[in-house]
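Structures for review follow.
Shared between the two complexes below is chain A, which pairs with chain B and chain C, respectively.
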Partner chain A sequence: MNQTVDKKLDLTVNRLPLITWNHLHMNQCNLSLRVPETGAEVKEQTWTPDAPEGQTSDPAVLVHEGHMDLLRDFSEVETGMGADVVRLLTAGGYTSDVYRLREGEGTVKLKYALTGNGVTANFLGLDVKQGAALTVIMDFASEPAAGEKAENSETEKNAADTSTDVDIIKENTPAAAAGAGVVLTKAHLGKNAILRLVQIHRAGNDFTLLSDTGAFCEDGARVELIQVVLSGKNTLIGAAVNLNGKGSTFSSNLGYRVEKDHRLDINYTANHFGRRTQCDINAVGVLRDTARKIFRGTIDFRNGSGASKGNEKEDVLLMDDGVVNQTIPVILCAEEDVEGNHGATIGELDDDTLFYLESRGMSEEAVYALMERARLSSVIRKIPEEDTKKELLTCIGDE
Partner chain B sequence: MSEQLLDVRGLKVKADGKKILHGVDLTIGAGEVHVLMGPNGAGKSTLGNAIMGHPQYKVTDGQIFFKGQDVTGESVDKRAKMGMFYSFQNPIEVPGVTLFSFIRSAKEQVSGKRILYLQFRKELQEKMKILDMDPSYAERELNVGFSGGEKKKAEILQLLMLNPQFAILDETDSGLDVDAVRTVSEGVREFMKSGDKSLLIITHATRILEALHADKTHVLVNGKIIAEGDASMIDDINENGFEKYEQAAAQKD
Partner chain C sequence: MKEKTYIEDVDRSLYDFRYEEKAEDFYRVDEGLDPEIVEQISNEKNDPQWMHDLRMKSLEIYNRKSIPDWGPSIDGLDMNRIVTYVRSKSRMSAKWSDVPDDIKNTFEKLGIPQAERESLAGVGAQYDSELVYHNVKDEVARQGVVYTDLESAMHGPYEQMIRDHFMHLVPPTDHKFAALHGAVWSGGSFVYVPKGVRVDIPLQSYFRLNAPGAGQFEHTLIIVDEGADLHFIEGCSAPKYNVANLHAGCVELFVGKNARLRYSTIENWSKNMYNLNTKRAIVDEGGRMEWVSGSFGSHVSYLYPMTILNGKGAHMEFTGITFAGHGQNLDTGMKVVHGAPDTTSVINTKSISKSGGVSTYRSSVQILPQAKHAKSTVSCQSLMLDDISRSDTIPAMDVRTKDADVGHEAKIGRISDEAVFYLMSRGLSEEDARAMIVSGFADNVSKELPLEYAAEMNNLIRLEMKGSIG
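Let's turn to the complex of A and B:
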């Protein structure tokens, strides 16, 4: 047996920049993962405009490159989960894809197959040059794992005092245990560049997915992040955007549905370095059954970020008594001339709303389904790529 | 007499631990328009809510029959699927759900079949035109930020799209300007066009009744129906108020 197969690493990810009381179990997420041997298969990989044959260095086209050294390339880009993800990838093996758009507009579509019992790791580097606009659709899907429960799988609870708990599948029964996938995405945006990044998370009922993203913005650059979470035993999402250039902006829209005993652990950070930078972080979702979710959202106004603004808002609907919902918005200020707002709406359906909707012939279950669909649909409809949008709307029954 | 559609027998209702209705009898036939009048706090909306099955209004005695079936213990959605509709005095705001998707989902639930997108959109646009509603309202969140008049139009739009057998209109004309009352009345007239639909109109004002022929009027005071008559009672109440009926009821007691 390959020596790396048995090697496990203890990881701390999604850590708050300033920790709070330990007993709240919100500061970070601790987990143990076997080091990956290779990347998940990218089942579909398309990009437009394509480079003419033999001219991969054509400056006017989107260029697809192979393996990168994570410790060297994109090293200036921080991500939401933190340094442990790079540590995990460089300890084992990973697959890497890098796209560089020199000018004009381009689109990349990637579909990652989250299957098998092992641990996979993929790195995606995005280099968007000055004035270029790149749209990237990343679909993380388990096929056909969703709905299938592996027999004899054991779980271990990794619960350090300062962590949220994440069940990680033990690897001592590899024939039966389900796997984990790690996808690290780093982007560098030149002056006035635009990155529209769409990430769809639909891992299987036994699968653990770590989706970690980071972006570095020069003057006037813009990151528009759309993330949808539809399934997955453990889904961990980190996203950090460094607004270094003046006037750079970051907007994110997250829509999630967490059900059964699944867990979602999120950490967003917007680091404002440049003047007149702006971030808008929005999350909407529903929790069902005994699902657990933690949302950490940090807006950090650093020295030099005068006249900047940051907003974060979460709207979560709790559909069952057994759900656990945690939200921790953080606004840090090292500048006086900044504006930061946060808000959270956490609710259940009250009797009057339920009566109103039921009086139109909808059963309680149909009402819940409608509310869930509406929340997810409001995010999915923002996806700039029509085929993906249509496919997801059909998937949630809204088309 | 027309075929009996709704039959309320000796209905007693409690809400927040307080007895509100003290034995109400009410029978409405197919194709009939009934008007329920009464002073503030008489229990008019309580009766509407109880007929529709609001869980906060507890039926402590009596029965509600619809189409000959005892629905007293039935769920709200089952009553709606059987053909009941309640137009709310204060429609609820539902953020995140568009008017379009809400009505489409409700129609699918009531009919029990999938409704094609294009077919539904065409029908919705036709009904919105009757109600002089801007088509963009279909994509707005249900009742969120709607004016009073827009909310009432949205209620009547749902009435037209779901096309029930029997509807309770609870203060549908209150708080509306003359033009809005006319438009909403047009929508209600459209609903009644087939001739076999029934209405229970709960109202203080009577402007909506100018567009409809009322078959019967009921006066509800302190949780009891104290007088019943034909449409001429409406004019009488408009001119003289409820005092005469209250005194007569007091003497009877």
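Let's turn to the complex of A and C:
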């Protein structure tokens, strides 16, 4: 038996770059995980343009490579969760995939099956060379056990409401797997390269998912990150983008729905090193039942990042009294000639909107369901890949 | 080509004068902190037993608690070098003529007696560890308003009231420097405003720390009873020395049902000061707490006035400005806890960083499950005047009911070229335009102060603008 199977590590992840009062319990997330034995099953792995595995020479195509050394490859890329994720992966086993796009446009679609009761770990490296544009869709989903019917798979209708547009649709969130999955994604973007990274999180009711991402941008490079969270007992998301190159940009759109007793823990960091860099971090979401969510978002203007701009906004709709919402938008500034803005709106639906929609015949619950769909839909519609977009819109009942 | 706008540091010459204290005129304990020193202070102050016990318990807590790991470094503060109690050998008086000349001249230079004559209902003046002057106007006293030093009050008819409130809002267990305060506190004021009484003109306490290497640990306890109204002003300053000084005061404010308290502070400690102050208010149903806070001095500051909105419909407003210049690391902000339905809070802060100064805005807004229909809006703005300074913003929000409405916005940046251009197009010179923008930036605090104090604050800021964009 593998000696690492029962070995546990205490981890500190998603730590704020500058901490605040400890009694608020917002500085970081502490957890204990068994070291991973292997990687999660990558159920589907497709990419275009195609290239033979292991090919490293020209022609300029997307190249898929095998195992990478986490301590060596992409070591210049910091991630949102911090160094403990690499410590966890290197203490156990993990599988890895690396895609290098030398020029032109490419698309990679990866479906991860979050199954079993163990701990699995995957590392994804993305190397987007100068001027290339890569789209990556990562879909993390738990699967129902064989023969088990997915719960909440049918459309629920609010009995108190007779209007036609009040269906509350919940996607499949089976409770088959009670394990944990760790997915570490690191990207290096060359000059004027573009990475469009879509991550869909829909782990099961007993599953813990750590989704950690980092990117390093050279001059003029652009990272567009879209993340959707639809379910998962514990979903932890970290994302850090180092805007090292002049004129590099980072935009992020996060949409989430957290319900039941689920927990979502988020840490975004945009590090502005280069001049005229820009970040836009937007998050919208809803909390239901007794869900808990913490959103940490940091814009860090380092010395030398003159003429840079950073914007950050979170809009949270609280739908039940048992929810706990924590938000901490941080701006760190060591440069004079910059503009940083952050805003947050947290709470119930404003009275005017509610009154108007109720006057149109909708119940309060139906109005809130509509608002939930609208928030998620506003992020899903930004996904650049049509099939994924359609599937998710259907999943939330918006198509 | 852009030329840097030059903005002067806060002019502290008014505050930096000092008199050399003659050893024979002052009583002081030894440097450091141990049970003997705390006993000595307790004996010196003729503490009742409960206060003596609180001091000793606080010392134990102080020794157990660790230094905060989240704020600016206070490595330069060596408690073994701090004298925790220094007092003039003359006793407190209600007449300026009875105050020793050197001390009286200090307060004359600071303009306190003049302010008392012109615009205050009462004044308390503390020099090092003890009050040297305390007086309240007869017509205010006749309304039943009590404004006196805590030590006297503790031995009079208000002993039980003080015992029921002293360090109940800020317990010694709160943090290490609250425990330190509990052990060695000295001086400060006690104010009681009876039910329904409105004090139309403000009371003021002024704290002057003159002794090098000393600490000041004054305690301010204010109880504003149901339906009453008070404006209290706190001022503080010290001359600059090459050794560290420490201020670990404590302010506890109790605002009764439908009462209102405005607490204004202009803090201008010298740049060798570690200002580790704790201020907290609790507000009953329909009560209103207003903080106006200007932080200009200190080497290192930890200052976050906290409000607990404990009664239905209670309200809090916080208006603050922080100016961090060379050698300063000012970590300021506020905390509010919404603990009852229909409570509201409005927070508006500004900060300016220049010449290598570090300004950090740190806050927390907590909405508890029972605080249905609570509303909070936060606005914080920071101005960076060069690229060797720092300005950080760390606002935390914790909301635990769906029936809440929390809005937050923050901006950080430089003086807008567009605004300068607009003002210049209206006929102002560039220097005047920039001066107007920076003065306007600080205006939210100055307009909340009585005229005399707004003038003092403007004097403190005294921003001189130079340079132009070619």
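In the analysis below, the second predicted complex is superposed on the first by the 356 of 399 C-alpha atoms of A that agree within 3 Å, B and C clash if a C-alpha of one lies under 4 Å from a C-alpha of the other, contacts with A are read in each partner's own complex, and residues count from 1 in each chain.
In this section, contacts are C-beta pairs under 8 Å (C-beta built on N, C-alpha and C of every residue); 3 or more make two chains touch, one makes a residue touch a chain.
Every value quoted in this text rests on a predicted model; they were computed, and no experiment measured them.
In the superposition on chain A, contact is made by A:306 with chain C only, not with chain B. Looking at the shared chain after the overlay, A:332 reaches chain C, while chain B stays out of its contact range.
When the two structures are aligned on the shared chain, A:374 is found in touch with chain B, with no touch to chain C.
Touch criterion met: A:398 reaches chain B, while chain C stays clear of it. Applying the stated contact rule after C-alpha superposition, one finds that A:26 touches chain C and leaves chain B untouched. Legend: residue contacts after superposition of the two complexes on their common chain; A:359 is shown touching chain B, with no touch to chain C. By the touch criterion defined above, A:343 reaches chain C but does not reach chain B. Looking at the superposed arrangement, the partner reaching more residues of chain A, out of chain B and chain C, is C. Of the two partner chains placed around the shared chain by superposition, neither chain B nor chain C is touched by A:234.
Shared contact residues of chain A with chain B and chain C: none.
By the touch rule above, chain A contacts chain C in their complex via residues 16, 18-22, 24, 26-27, 301, 303, 306, 318-321, 323-348, 350. Interface residues of chain B, counted against chain A in their complex, comprise 49, 52-56, 75-77, 79-81, 85-86, 88, 91-92, 94-98, 101-103, 105-106, 109-110, 117, 158, 162. Those residues of chain C lying in contact with chain A across their complex are 69-70, 362, 364, 369, 382, 384-387, 389-414. Of all residues in chain A, only 284, 315, 351-353, 355-364, 366, 370-371, 373-375, 377-378, 398-399 touch chain B in the complex they form.
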